[in-house]
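In what follows, structures are represented as structure tokens.
First subunit A sits with subunit B, and in the next complex the same chain sits with subunit C.
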Partner chain A sequence: MKFDIYHQAGFRYQWNIQSINDDGTGDGIIIGARSVEKDKVEQLPLKVRKKAIFDPQFFLPAVPKGQLATYDFFPHLASDGFSSSDYADESAGISASGCVAFQVQNRFRHVVIPTRYMAGMPGDFIKTQNSLFVVPFLEAIASQDGDHSALLQLVVTDNMLKDDEYTADLLNWITGLEGVAGVYLIAEHNGSSKQIKDADFLYRLLRFTLALRQNDMVVVLGYLNTEAVLLSLSDPSVVTMGVYENTRAFKIRTFEDNDTKQRGPSPRLYMARCLQWIDRNYHGAIERRLPGGKELFDQNKYQAIMFRPSFKWHFSKPELYKHHFVELSRQLRQISELEGRARFKHVKAIIEAAMKNFKKMDESGIVLDQDNDGSHLAAWMTAGNEFAKDQGWQN
Partner chain B sequence: MSFASEQQLVDRAIEHLPIRQWLKMPDDATLFQRTEVQGLFGVPDLLAVHAPSEQMKRRRILPSIAFEMKLSDWRRGLAQAFRYRSFATFSFLVLDNTRAKSAVANTDRFKRANIGLIGINVDGSFEVYVWPEKESPFSARLHAALAEIVRNETDAAN
Partner chain C sequence: MSPAWPTAHQKVLRNYTAVILLKQGGQKAAYRAHHADHGNVVVKIGSYATINGLKRIQREVEVLRGLNSKYYPRNIAFSTEPPNQFVIVEEYVDSVPLSASLTQFSAPAEALAFLRHLVQGLSIIWEKRVVHRDIKPDNILVAPDGVPKIIDLGIARLLDDESLTRTLNARGPCTPNYASPEQLKNRKAQIDQRADQFGLGIVFLQLLLSGAHPFDPAIVGSGDSIVSNILSDKWCRAKLQRCSHPSSIQSLAAKLLGPEPFQRYRTTASLLSAITVCERELS
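Our next item is the complex of A and B:
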């Protein structure tokens, strides 16, 4: 089936909206409560809200970081200081009613049932989620007039995904929940590199997503970077893309109070033919050393602006991200038109072409570091091939 | 005998590598030499620049050598040294010579990347396995940033 492209929006949400409106790069946005204050969400045009998904971001219910403090239904505020022992009995219902009413009144596309972030593979994961959020939210949704599509938010960790028994329990739980139309799935990977280079993690995420889809569930894959191209093989309903790195990879530390401000990253440009973001400082080497290197840079109106001599490159310039949205959404739209084996063949061809481009760079004496090179692609190919073998698409 | 720390390797390189000679500098010319220079692309362990005299200030490209120094892990070192080519005319990876065997077996990669490879010993003797060709920096903007650093620091010193 075709999938939608959503923008995982952070505090630069206006860039996402502009990109969708001006360049047709997506079907809607996911609004993160930590980044956008409540009043501003309510003031967004109805046409934006109707296609949007609101992410309450209750991951750490005791930490109302950033704009979360403007939402009176955030657990810490609704309960006058979140404490997990009392919350389920005393405040969960109040918080759920407020959050559901907010989502319904603003006419978002789905009603999201939030999740509490739990590291590792806790034995009480399902019980905790049920008591804190799932049961109270389902009750609050049922008390609203009309039909509302409920999405269960789920943050799966590396460890959870890699344990067959644990994922089987999760699938049983989710598919047994009455009134839940689908899952807003966020997979947290422990790696420190900017791209996911763990074939096993990607393969298991593909399998988990497909299992949900085979149970007729809507699956929104949140916080994706370029691996959206690969994960499209699992027939998701929605894939996402974002502006800054914190919207392209889920890291719980960014929701913690003591998260230290990091130095701004070097500006990097998404190069669709390489399936990689490549640091601006390497562009000169690519242009000069690689025969035909200039052709690796995708041409669009934002590229034209960025490659003017007067352009001041900085990671906070919107052109970098609007360029990324134009190019990645173009790739994703083409993939979305295809299904099954044909989709796999197309994705495989894109990955193989990117690998060839990195090989050419290497042969031309361009030495990229591990956050800019093509070292993620072999892992993607392995994951894709394994998944395709399972589906009988390899022949 | 191997180096006990990377700092020891850096100190020995500063002491023994004939940088002025490599930059073809006259005896009276000013050598700008700094360790751990920030604000460019990567942080070279040592950066040496032929600082321009008053008459040479308009010179378009400053002759410069950036060094990455590593006890081991030549692949990472090569990638770091390659970054420095964005602003310097030469870039070298300097390794502990007792652990340079694997890098020396891959000199073709250094040659292809036009990055120099040096193995240095604890007694200060060294071998140049790959000598790079002089090549203008890949980024005019970063070279200008380097020139600015040199100008500011040499002006402040005068």
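Our next item is the complex of A and C:
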């Protein structure tokens, strides 16, 4: 089936909205409560809200970081200081009612049932999620007039995905919940590189997503980087793309109180033919040394601005991300038109072409570091091939 | 009235005529009898050992009383007699157990039609968040018009109720040869309507295979027992393929027999829709 493209918005959410409106790069946005204060969410045009998904971001219910403090239904505020021992009995219903009412009144596309972040593979994961959020939210949704599509938010960790029994327990639980239309799935990978280079993780995520889809559930894949291209094989309903790195890879530390400010990264440009963001510092060498290197830089109005001599490259410039949205959404739209085996063949061809481009760079003497090279593509190809074999798309 | 019947039973049965013993086992006996007001009925007389045992029986009665369907016998009365006897009176259904007529539905179209009836019948209790947990040919009666009646909700589970079986048993209440893997492993939290789908899958294949059990080691060609084959997901896929049924029937069977609940049908609508696909492919 065709999938939608959503923008995983952070505090630069206006860039996302502009990109959707001006360049047609998406079908809606996911608004994160940590990044956008409650009043500003309510003031967004109805046209935007109706296609948007609101992410309450209750991952750490005791930490009202950033704009989370402006939401009176955030657990820490609704319960006068979140305490997990009392919360389910005393405050969960109040918080759920407020959060559901907010989502319904603002007419968002779905009502998100939030999740508590739990590291590793806790034995009480399902029980905790049910008591803190799932049961109170389903009750609150049922008490609202009209039909509302409920999405269960889920953060699956690397460890959870790699344990077959744990994964089966999660799938049995999710698919057995009545009144839940789908899953807003966030997969947290432990790796430290900017791209996911773990074939096993990607393969298991593909399988997990497909299992949900085979249960006729909506699946929104949140916090994706360029691996959205690969994950499209699992027939998701929505894939996402974002501005800064913290919207393209889920890291719980960004929701913690003591998260120290990181130094801004160097500016990087998304190069669609490489399926990679490549540091500005390498662009000169690519243009000068790689035959046909200029053609690797996708041509669009943002590229034209950025490649003017007067342009000051900085990671906080909107053109970098608007360029990314134009190019990645173009790739994703083409993939979305295809299904099954044809989709796999197309994605495989894109990955193979990107691998060839990196090989040519290497042969031209351009030695990219591990955050700019194509080392993620081998993992993608392995995961994609393995998944395709399961589906009977290749021998 | 036969003097061979227990004295306690005779006391109950004196209100009836034309009494015939249908079934006797353990602490329970079932009689067919005629009642002046209710016509032909089934009188079940038994004894309970614990309060939980009584509660389970009452629960079955309550579930049946809440149903008004051709797929279930109508409950007429329930009473208890000191010190520990219970009496259930139900509508008598002129029928034979499916276990005695498994070959009657071996044509794929007939097996599918029968399965559809069973799904429609079970969906009535599933909607009430009740899981039968003991779907097997002995618990399905076939009326002369071919419509099934589902009986014996004795171990049915009300998903919203507290469990009556707070035991440390390795296996949950079930008939092992027809139980889903999650029942056999006593994973209570995972037992929902999809556990019944597993039993339906076995029954459906028994119909197609003229009574053979799909997990029987003799049919599968490996395994120590039906239960061990259920737990290791070994059923007669190859035999079914050799029957050259449409691929949709093989997919339906495979999905009903999914080893994990998430691998079965999430909703009754999707299961019924899969049956429709099979029926279309057949026609």
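Everything below uses one rule, namely that the second predicted complex is superposed on the first by the 394 of 395 C-alpha atoms of A that agree within 3 Å, B and C clash if a C-alpha of one lies under 4 Å from a C-alpha of the other, contacts with A are read in each partner's own complex, and residues count from 1 in each chain.
Here is the rule we use: a residue touches a chain if its C-beta (ideal position, glycine included) is under 8 Å from a C-beta of that chain, and two chains touch if they have at least 3 such contacts.
Just so it is clear, the structure is predicted and the values come from calculations on it, not from any experiment.
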Which superposed partner A:Asn215 touches (first subunit B, second subunit C, both, neither): second
Touching partner for A:Glu363 - first (subunit B), second (subunit C), both, neither: first
Which superposed partner A:Ala285 touches (first subunit B, second subunit C, both, neither): first
Partner chain in contact with A:Ile126 - subunit B first, subunit C second, else both or neither: second
Which superposed partner A:Leu171 touches (first subunit B, second subunit C, both, neither): second
Residues of subunit A at both interfaces, subunit B in one complex, subunit C in the other: none
Contact footprint of subunit C on subunit A as seen in their complex: 126, 168-169, 171-176, 211, 215-217
Subunit B-touching residues of subunit A, taken from the complex the two chains share: 266, 279, 281-285, 288, 363-370
For the subunit B and subunit A complex, residues of the former touching the latter: 41, 76, 78-80, 82-83, 85-86, 109, 112-115, 137-140, 142
Residues of subunit C that touch subunit A when the two form their complex: 182, 189-190, 192, 194, 260-263, 266-267, 270
